[in-house]
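All chains are identified by letter, namely A, B and C, in their written order; residue positions are counted from 1 within each chain.
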Amino acid sequence: MDRPVENLVLGLFYMILMFSLLPIFFLILLSFSGGWPWPEIFPSDLDPRAWKYVLGISSGTWTSVWISLKVAFFTVVIDLILAIPAGNALGRSGFPLKGLIETILMLPVLVPPIVVLMGLHRTFIRLGITETFTGVVLAHVIPTLPYMIRAVTIGFEKLGFQWEEQARVLGAGWFRRLQHITLPFLLPGIMAGSALTILISMSQYVITLLIGGGQVITLTMRMFPYVNGGDQSTGATYAVLFSLVALLLLILMDLSLNRLYREKRL
Amino acid sequence: MVVPALASVVVLFFGGMYHGLLQSLGLAPLQGDPSFTFQYYSELIHSQDFWRSFFLTLRISILSTTFSAGTALFALYSLFLIRTRSTRDRSVYFQRFFQISMLFPYIVAAYMIFLMFVQSGWVARVLFNMGLISRMHSFPIITNESFGWGIILAYVWKTSPFIVLLLYPVLLRVEKGWLEAAKVFGACSFSAFREIALPMMKRPLMVASFIVFAYTFGAFEVPFILGVTYPKALSVYSYQIYTSGDLSEQPLAMAINIIILLTILMAGLITFITASSNRNWMETPWTDL
Amino acid sequence: MELSLKELKKGFSPDQDFLLEIPELTIRKGELFGIIGQSGCGKTTLLRIIAGLLTPDKGKVFLQGKDVTSIPSERRGIAMVFQQDRLFPYMNIIDNVAFGLKMKGISKKERYVRSSEFLSSLGLQGYEKRYPLELSGGQRQRVSLARALVMNPSLVLMDEPFSALDPNLRKEMRDLVLDLHEKYGMTTLFVTHDREEAFYLFQRMAIIVNGRVTEKGIPRQLYEHPSKVETAAFLGIENIFQGTFYEDTFSSDKFLIPIKGFKKKGRTGYLIIRPELIELVNNPEENARDIMNGMISQISYSQGILHLRIETPGGVSFHLVDTDKQNDLHKGDPVRFRIPDRDIIFLPEERG
């Protein structure tokens, strides 16, 4: 393959990259359009009405944002409670059947959540947690836990035992060890796992629908009717809003992690 | 230590599947007594609707996985070129850029594909203004049609960055020394990529492809937004039976779920066997990505 | 001529002198030509330019009369053996060896036949289906050689291929190279920093110091009759003195060396005395004018050869090599020695 052909390949690649961005711009434009009749390429009628509606009180958007965040938050908390001891064991020790256990813990990645949750639905009904916040959180733990475990395990692998032992020898008490040794090693893993968990949790639709029964209205649930054939400007607005919220969260987490590191100067 | 996590997974995850399995076999009915039966499975096997859905979903998954892998390999080759052309490796930035679509949930992604490719959508408008099509309806129906092209498009857009993400580290392990040797012995960039980088990527590619297949086979949101009423994707089919209100039909939905599970398992087995037989003695076991 | 370099210049920063500057260098077809120089002198850069992995800032490279300077590496038709074997780890041995042939488009059958043949030549028959990581360093380097030779290239480049191997292995590999060169007669350009290797292998060689060719020629000639001081210094001759010749004496500011019969009276320049030429005078009776006295300041032994450093009362230090096993010498012993006038090299100083 010659240079010119290679250049063609690269050109095509750059074009594909550009096209990845295109739908985003398009979405933003759409969200700001009043009407966008055929065959306009750019909307001539720019009107923030969709945004006004979505961001207004009547649409219930903010409630949904809040609920989505709450669900995500508690999912993260439960995931951490479960993942940290597990990561500790998997990342630092060897024990019989470790490989098998690791595989078992990773399996939920491969199985569609709907399959699992339809089976759980009746049990949830019997336990009375359907249509409740708790039920939804539990349902969200299933697809997110493996990722959290993986991220935290890597953190523990990096930590090993050596650093804490060193600190111990040097006279540091358990709290200071925790603060200065353990946490800095684990924090990136925890952050990464949490970020991924939040992303996955917020993106869920059908399991929230199934378990929440329409009572726990996350952002995805709020926007779904518009996305599935409703007013396009509103649908686009929700889509943009959703992406912004997700992006904001990720940036926040990244920033706080950086700030933490800078302060500790590690 | 591991116990709480393991317990939760076992209870929730396996429990859910197990319960679904039981229901599908008639062992946990909502009304009446449990009795072991294959009737629900038999009903499905004899249902034309079911098979249409099954093959539709299978086709969509296989095509999505194939195109996604193809796109990913193309992207990886491009990254390879970028990396080997100049002394400063800028490929990382492009790789990260390629992953933009991973930030969006599938719902949003499906919606974007819809808006772009529907007959009154953006792409059609561009073509119209360029004079390539004369009317809106000349634009082919891509979204919401029975073959599933819209679905495939959405899947490929979302999953190829995932495959690239998994395979990029392998690319980084290709040593400059090998590439120089290949060059001296007559290899152009493409040959070098094909002979050196590609064999290194074979295993992770198989694993990544399997994950994509497993996801696309059982996913709900995308076919729900971009699919048609008939035939439906299996997960949509199952969901609609389950929520149809007729409680006696529920085991049917469970049976469909189990079949979805079995198909994914089968695919996993095939991947495992192929990956193991391809074993170059110096490679690490396949679970270690 | 097989390879010819003209006005080659390569630098790494625009405001400094060129790192590599070679006005002219020619290698004949079928020759085993060597490049010797210290680490960092530019010899690897030179090799990479010839291979096409680096482009020169100025100058041209000619292969078999054709200007290949702008032709990329993959089309120059040369083969290279690197210091690290650089075998492809995910391919088996025979695929590694056949790689270049595959790139040329030769059929699988023929590739394998040729590759097997060369593997046998290198003593590796039966290793075809193994993988590089299963082989030892020496074996891998042999595969690397096979990979290069199987191409029947117009030029084989070798970049210090044995530096990373054990010394015993190195000797084996050098013999292998000599055998292969005799058998196949391929034009070879071999780069090394090892003097021993250079003398052992090269038919002709070029000495590179600071990116410039000091001198080129047949190794023995360069050692016995260097035409530049740098050459002698590089080839390991330590007895280099700067001064002027008077009647029977060579003198500089600090010392006098009696040398009988050397007819260079009045000339100023460098006196170069090869260590093997200095004679120890054992007979206490002998008493010629040219016998000097000194004390052994250093003594070292290496495989049958004694290296001596002798210091004269005047403060001059001589390096002497002695193979006379009779001598039972120790540090601090007084010795008597002479410098015969034949085979001494004198290089007159250039007029600034």
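The rule is short, and it goes like this: a residue touches a chain if its C-beta (ideal position, glycine included) is under 8 Å from a C-beta of that chain, and two chains touch if they have at least 3 such contacts.
Every value quoted in this text rests on a predicted model; they were computed, and no experiment measured them.
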item: Shared interface partners, meaning chains that touch chain A and chain C; value: B
item: Most contacted chain pair (by C-beta pair count); value: A-B
item: Most distant chain from chain B, judged by the mean position of its C-alpha atoms; value: C
item: Closest chain to global C-alpha mean, per-chain Cα centroids; value: B
item: Distance between chain centroids, defined by C-alpha means - chain A, chain C (Å); value: 63
item: Distance between the centres, which are taken as Cα means, of chain C and chain B, whole angstrom; value: 60
item: Distance between chain centroids, defined by C-alpha means - chain A, chain B (Å); value: 19
item: Multi-partner residues of chain B (at least 2 other chains); value: 188, 191
item: For the chain C and chain B complex, residues of the former touching the latter; value: 51-53, 72-75, 78-80, 82, 84, 86-91, 99-100, 102-104, 131, 133-134, 147, 151
item: Of chain B, residues touching chain A in the complex; value: 1-6, 8-10, 12-13, 15-21, 23, 28, 30, 71, 74-75, 77-78, 81-82, 94, 97-98, 100-101, 103-108, 110-113, 115-116, 120, 122, 124-126, 128-129, 136, 157, 188-191, 210-211, 214-215, 217-221, 224-225, 235, 238-239, 242, 253-254, 257-258, 260-261, 264, 268, 287
item: Chain C partner contacts - residues on chain B that touch it in the complex; value: 177-178, 180-188, 191, 195-196, 199-200, 280-282
item: Complex contact set, residues of chain A against chain B; value: 1-2, 6, 9-10, 12-13, 16-17, 20-24, 26-27, 30, 38-41, 81-83, 85-86, 88-90, 93, 99, 101-105, 107-112, 114-120, 122-123, 138, 141-142, 145, 149, 199, 202-203, 205-206, 210, 220, 223-224, 227-228, 232, 235-236, 239, 242-243, 246-247, 250
